[in-house]
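Okay, got some structures for you below.
Shared between the two complexes below is subunit A, which has subunit B as its partner in the first and subunit C in the second.
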Partner chain A sequence: MKRKAWCGSAEHPVSRRGFLGAAAAGTAFAADMTVLDGLKQQALAAELKRQQKRVILLWLAGGASQLETWDPKPGAETGGPFRAIQTTVPGLEISELLPKQSQRMRQTAVIRSLNTKIADHGGGYRLMETGRLPEPGVAFPHLGAIIARELGRIDSHVPDHVSMYTSTEGRRKGTAGFLGARYNPMFLTENMMPENIRRLESISQVDHQDRAALRDFFAEKFSRSVDSAAVASHGSAYERVRGLMASDRLFDISEEPQAMREKYGPTQFGEQCLIARRLVEAGVPFVKVARAWWDSHGQNFETHRELCADLDHCMSALMDDLGDRGLLENTLVITLGEFGRTPRINGSLGRDHFASAWSCSLTGCGIKGGAVYGKTDEKGATVVDGEIGAADLFATIFTALGIDYEKEYMLGSRPIPISDFGSSPVEDVLA
Partner chain B sequence: MNDTLKITRASQWNQSDILFCIARPSGSDRIYVGSSDFGVYEFDSSAEKPERVRLEGEQHQSYVTGLALVGETLVSCSYDGQLIWWDTAERRSIRTVAAHDRWIRRVIATPDQTQIISVADDMQCKVWDGVSGELISLFTDHAETTPHHYPSMLYAVAASPDGRWLATGDKVGHVAIWDAGTFEKVGELETPVMYTWDPKQRRHSIGGIRSLAFSADGSQLAVGGIGKIGNIDHLGGPSRLEVFEWSSGTRRFEIEDDKKKGLIEQIVWHPSGDWLLCAGGDHKGFLNICDMQSGELIAQEAGDGHIHGLVVDAELQNVFTAGHNRIERWTLGTS
Partner chain C sequence: MLRTCLPGILLVATLAVVGAVEGNTPPADPLAAVIDTAISARLQDAGVQPAETLDDERFLRRLMLDLAGRVPTLAEREAFLGDASPDKRAAWVDRLLELPDFALHLRNELDLLLLARLTSDNEWREYLLEGTRANRGWDDLFREIMLPERLREGEKGPAAFLRERVRDLDDLTNDTAVLFFGVNIGCAKCHDHPLVPDWEQQHYYGMASFFQRTYRTKKGLLAERFDGRLKFKTVVGDELEAEFMFLNGTAAYEPPVELSDERRKELDEQVRKAQREDDAEPPRPEFSPRAELVRMALDPSGPDYFSRNMVNRTWARLVGQGFVEPLDQMHSENPPSHPELLETLASDFASSGYDLKRLIRGIVLSETYARDSRLSGRREAPAADLFAVALPRPLTPRQLSASLQVATAMPERMQGLIAGEAWESERDSLENRADSFAKQIEIPGENFQVSVDEALLFTNSERVASDYLRDAGDRLVRHLKSLDGDETVATVAMQAVLSRTPTAEEQARISEYLATRSVRRLEAIQQIVWALIASPEFRFNH
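== the complex of A and B ==
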């Protein structure tokens, strides 16, 4: 199987020209830690941002079983009780626990050859959220923060990094790391409406508008007399806060027609997927919906019968809805957890942590639907073809979104590529 | 705990697969087991080094989860939704019936051995002619989804020794009792502690009623499963037995055991009604004897692996168990 070491997207040549043109013109750039990135940013990102690409990450917290989802091994000693079913893609079979997904595989690519080696929840999470191993003294940004940085708009009136994780087990907030607080997630934990986003009831709408107008008046007057980036940033922050306050309705699914709510169903995961669609439709570039808790050390098959039904229904509803609205071609849906589960079935009919040969799926934006990359052996114990790690997956995700996966951020004088050194995208799953 | 009764492991035969069910013709050394390799096997328990023999012919396509004997005919059920009739003399399958839309959890024979009864995750209980395999009736009192909108499961079925009653039990702890002649519902019980729904930490469920057994006179119904589980990643909850005077809905006993945790997978009443034997486990197994006068656990033995099924000889001296990677023989006696 081929993997390419360069970005072959249609945008790339144009972007390179834009980049070179911008550099030749000697454009002045803001002196911040991403100054080199800034060279590209001006020329490249403007084009990307126009395209309004977005990501929804369905995070299968705790580690879903690849054998009960994307890489079934019916009849194998390790295969469990469930059958494989034929999908709409000839020759591609997935678990019978995903019957609705089986009818939508023309839009989805499956990677069956992740070998990420780290099989503890914390370590696996850090790896699969950042695409690299941790290093002392460096706070690497999570995928959502990078996407927000690359695809978000400075002048956006909606949040650009939203993370929903309402179960408490394995709850991890995510961080923008060295990218700074601007790209930290809006983290929803206790309920699905952001806290403190609404106007205080003690302040009337008229008062609220009057205060904003007064603030604008003084801010404009002040900024005319003081030429300072800090002042501009302050003004931008206020604009953003006002935008976020106005976006609370995006989290309110009661605004959706009842028929649409029924399509997603009554489960929390379904309602969060519906919110995710509302958010990306409004221009939010990255939304993570974490569905806990797949850690099935006991009764793996019962657990997957329950959770796969939820995943199958909600993911299918989301794909259909995005497709119907013309959003799927610009929205990448990633289904991923921190690792998979052991082929060995333990004494409690469970499967334990396993990072040596597991699967994920990519749907929509930039993805070759129906593609299958990688292969595991007959028991699902090892990768026998197309082995990739977390960094390669990140390179694939970035490339699918039209982001140069070799792009570098500067942390002081240290260049840090957005996907780790030595990584390359999986060409076979890219459109 | 008194020591009147004692359970002792007599033999252990290690296997490479997971054995979910066991059946034994009365007075025979042969036992039959259903396997995770989709096969049904005959096993000679009298042999010094017994080798099991796979029954031939049409095979299941998934785990074999239940076995029932009707004379010389063995009926197996599977996650594949099929029932297969086997001629034990010929060691061959003789009939395959597409019985349920989803996974069949248990199959039993009526005491007169004329009918076969199956329960499955389509939440249906179906009654079959034991000889012809014709469907006689189907009924349910079990919701397809849990209160939290996920698929439910119908794990357990039992027939009273006199053949008058049937009982079915599901994941959320609901039991329905049926007239075995008319298939009309005649009673129901609730055992909600058997079902653990974790809405906060892990947001999924575990547990369920895994076993049912009527007392010899049919007046009492024992319900087996697991108590409330804290960390539902594991089966780390107390084994739980509830015993009812089912016609009045009176709960006689709740017996939870934290020492040997896990699911009670099967229950056998002593004909006198004085005690009952139950077996199951988490990653390890257990055999418990509970006194039905005091409602106390009076004998217990640990198994090396989870026990999925058991069969007891007519004299109540030998117990054969099938479980994770092993078949075992145990003896019951007084010390």
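== the complex of A and C ==
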């Protein structure tokens, strides 16, 4: 073991503090000098810790109503027919359409003060998926791609960005933009098994393997002879194939005990949430599960009665399951759509697009459970306290995951911070 | 002006040098000679020895990918290698420039540049193809793309560029600036560019002003309103009215028009009708901001963003990196690697009537273009902007899928098609067949990476197996199966797919692969072809 750590380099004082801190905390490792090397690399240790963090985004496509979920206004003329119910967190009430969630709010923080201004599906989606307004000429990466880049591992044998969306409405994949195709999602659309992840029956396992070895033989000399990051990316894409193919079982929920499958239920959303859990458990940093279609311009209340039941059940099952497995402290569950819905109830008993005062929830990793942030007026028409925008939400998400929200990517000579300029995290919901 | 006299000086100097070195052989192309002189000068200054010139088989592959958008067939390869004439490269370049493949490929490249994947529009693609077939000037195409309403009745093709962006003024402004002028002024929308003094807010809104009156008619054509001026707020809060200002800072003068209130109402109503009704004729204003933009962009007295951009993009496409890099950052803080050469080529391009074929010919006949991409014995690559070593370039989705079709086809049958009368339409339908495959491939751009999806697609898709590896009469696999001798199989497979002869090591490896699988020779052959089409050597132009 090298001991060159005590050489007086700039990291030295930091390392020493790290070591003393750990020793003072009563860790039993102090006697083992090999640990010193680990501890001196505080940055590395933080990095490793960060890399174990995961995100599941439950995407409420079409825009769920905040009034029928996280910010009920019973009794107000805009409130609709549903009651608010008390949760396990004193003083925190949510819609009666989420009874199971009401019993689990100790792990969840609610933000009720999003004012994101853009209330069309395309614009709202782009804003809430990238955390900033689009700029022509710049392909901003989506949240999943940033997380994949920040939390994924180069040599990972599992995908680092998975996006599930099996509905036909508003199908959105999510792209890596300027981060490059490496961080594009593995996208599940028609069915729940990713495309091309399984070996064709027409080729045997052995031939498949030998063929790959032959390919590597042709590739190797060529790749070595040229100096090109693009050529190198060809190699790393093919290197990942075998690991990814081995991860196909993660998508196969028939491997789960029947009792577990029943907990999530037989709905598509439920099964996808179960897949999401299998994926994060195996180390996939980002999974998006999109559920459509919340765009309730007519019959808002019937729509929400049905969709909220599904959301309530699946989200609760997911939280319980992650909690039971000890994954919740490393997994951040985000429940979000492109915007909320108008307090005003239209002539078709619907609510229209509304981005001025709406809600989302954050659960698990890095989040202060039971916290409520922000407030809307009594009709739910405006934010009266704690207004935040999409970029602040992104800063909050990054901070919860231990990622510096001011970190910058360089696009040519232009710095682009991962959450937009001027944003800051909502400290009140952070653990 | 310096810019206009430069070509002459350089040309004379170059001709003298080339004449002295090569004896009496005239240079293959005057532009090529200019390029090589300028590139060599910088290499000498930097003390860098450039890579070797490519051998014939590798040169042909590169040339075919660049001029025809596909790899050569076995027959084309043999013909080229067998051609003993001293000026065969120039002769082949000229021949390739006249193949239907050239126009089709250049059309694809222009389509990729201008519409990428915003839409796949047959009328637009057909319009571009007519342009590349006739080698029409780039200025002509630009003019028509910017002013599609002035074209003949019923011609909707060139309108696609504006039509796909007309819903968003920023898209129109930025994409036009980036794609036609090599300038990204997006940063100057909210404030004067923080790092580049060239770009102030007034430039952004000046460019936007040229498009602000543009609207889309119900018929999908573009028209312009009669009035309206763009206003913008500066960072200190002043509200200013934008001028019709081009990138060089000069503004267009809009003659005042006196309209009675009634007439104005009438015109507004006509505009509304044109936006709503199929058969309504849009009224045509006297003053067209977009026509002003075209006039100013092509004005020979100003800095020539238009020519420099196309030269820079064409150079980058054929050599792997622009003189100005990134391609949309042409400004004073980001000087070109070879400023005089860029000016010379741009000025030649403009004075030749914006002749893309001439420009392309000049580049591909240069020594610089023909350099090897391999670093022989060198530990570190020289700076890319010295152009000492060729840069491997990922194939575009269409280059890749067309090449796959050609490489895995039954060689004789493919050659028969290419040599036949109907090749142009055959090639077109080959492209159409390749189109949906191409859509699954990433478009090359800055920081290009091969996606994992692509690796999985090649590895496990039914489609790759059935399209490129099946045992059928029109497929390479059937042809290879019919050959005697493992060495022949290895040679033909490598030549068909990678366009080169295998090394002894590769020969041995393939032979061994076949020998150990003699009971399932067909599968073994399919696996060899697969390993070749999934190799980086096939995936890149190098």
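Throughout what follows, the second predicted complex is superposed on the first by the 357 of 431 C-alpha atoms of A that agree within 3 Å, B and C clash if a C-alpha of one lies under 4 Å from a C-alpha of the other, contacts with A are read in each partner's own complex, and residues count from 1 in each chain.
Methods note: a contact is a pair of C-beta atoms (placed from the backbone, for glycine too) under 8 Å apart; a residue touches a chain by one contact, two chains touch by 3 or more.
Model, not experiment: these values are computed from the prediction.
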item: Contacts of A:G298 with subunit B and subunit C, given as first, second, both or neither; value: first
item: First (subunit B), second (subunit C), both or neither touched by A:R215; value: second
item: Which superposed partner A:S225 touches (first subunit B, second subunit C, both, neither); value: second
item: Which of subunit B and subunit C A:T267 touches, first, second, both or neither; value: first
item: Contacts of A:N184 with subunit B and subunit C, given as first, second, both or neither; value: second
item: Subunit B or subunit C, by number of subunit A residues touched; value: C
item: Touching partner for A:H142 - first (subunit B), second (subunit C), both, neither; value: neither
item: Touching both subunit C and subunit B, counted on subunit A across the two superposed complexes; value: none
item: Subunit A-facing residues of subunit B, complex; value: 16-18, 36-38, 61-63, 79-80, 103, 121, 148-151, 153, 200-206, 208, 232-236, 262, 281-284, 305-306, 324-325
item: Interface residues, subunit C side, partner subunit A - complex; value: 168, 170-171, 173-175, 178, 184, 186-187, 195, 326, 328-329, 334, 373-375, 380-381, 389, 391-394, 442, 444, 446-457, 459-462, 465, 506, 509, 513, 523, 527-528, 530-532, 534-537, 539-540, 542
item: Footprint of subunit C on subunit A - complex, ascending; value: 135-138, 159, 178, 180-182, 184, 186, 194-200, 202-203, 207, 210-212, 214-215, 217-219, 222-223, 225-231, 233-235, 237-238, 240-241, 244-245, 412-414
item: For the subunit A and subunit B complex, residues of the former touching the latter; value: 62, 74-75, 77, 81-83, 166-169, 265-268, 291-293, 295-299, 302-303, 305-307, 309-310, 345-350
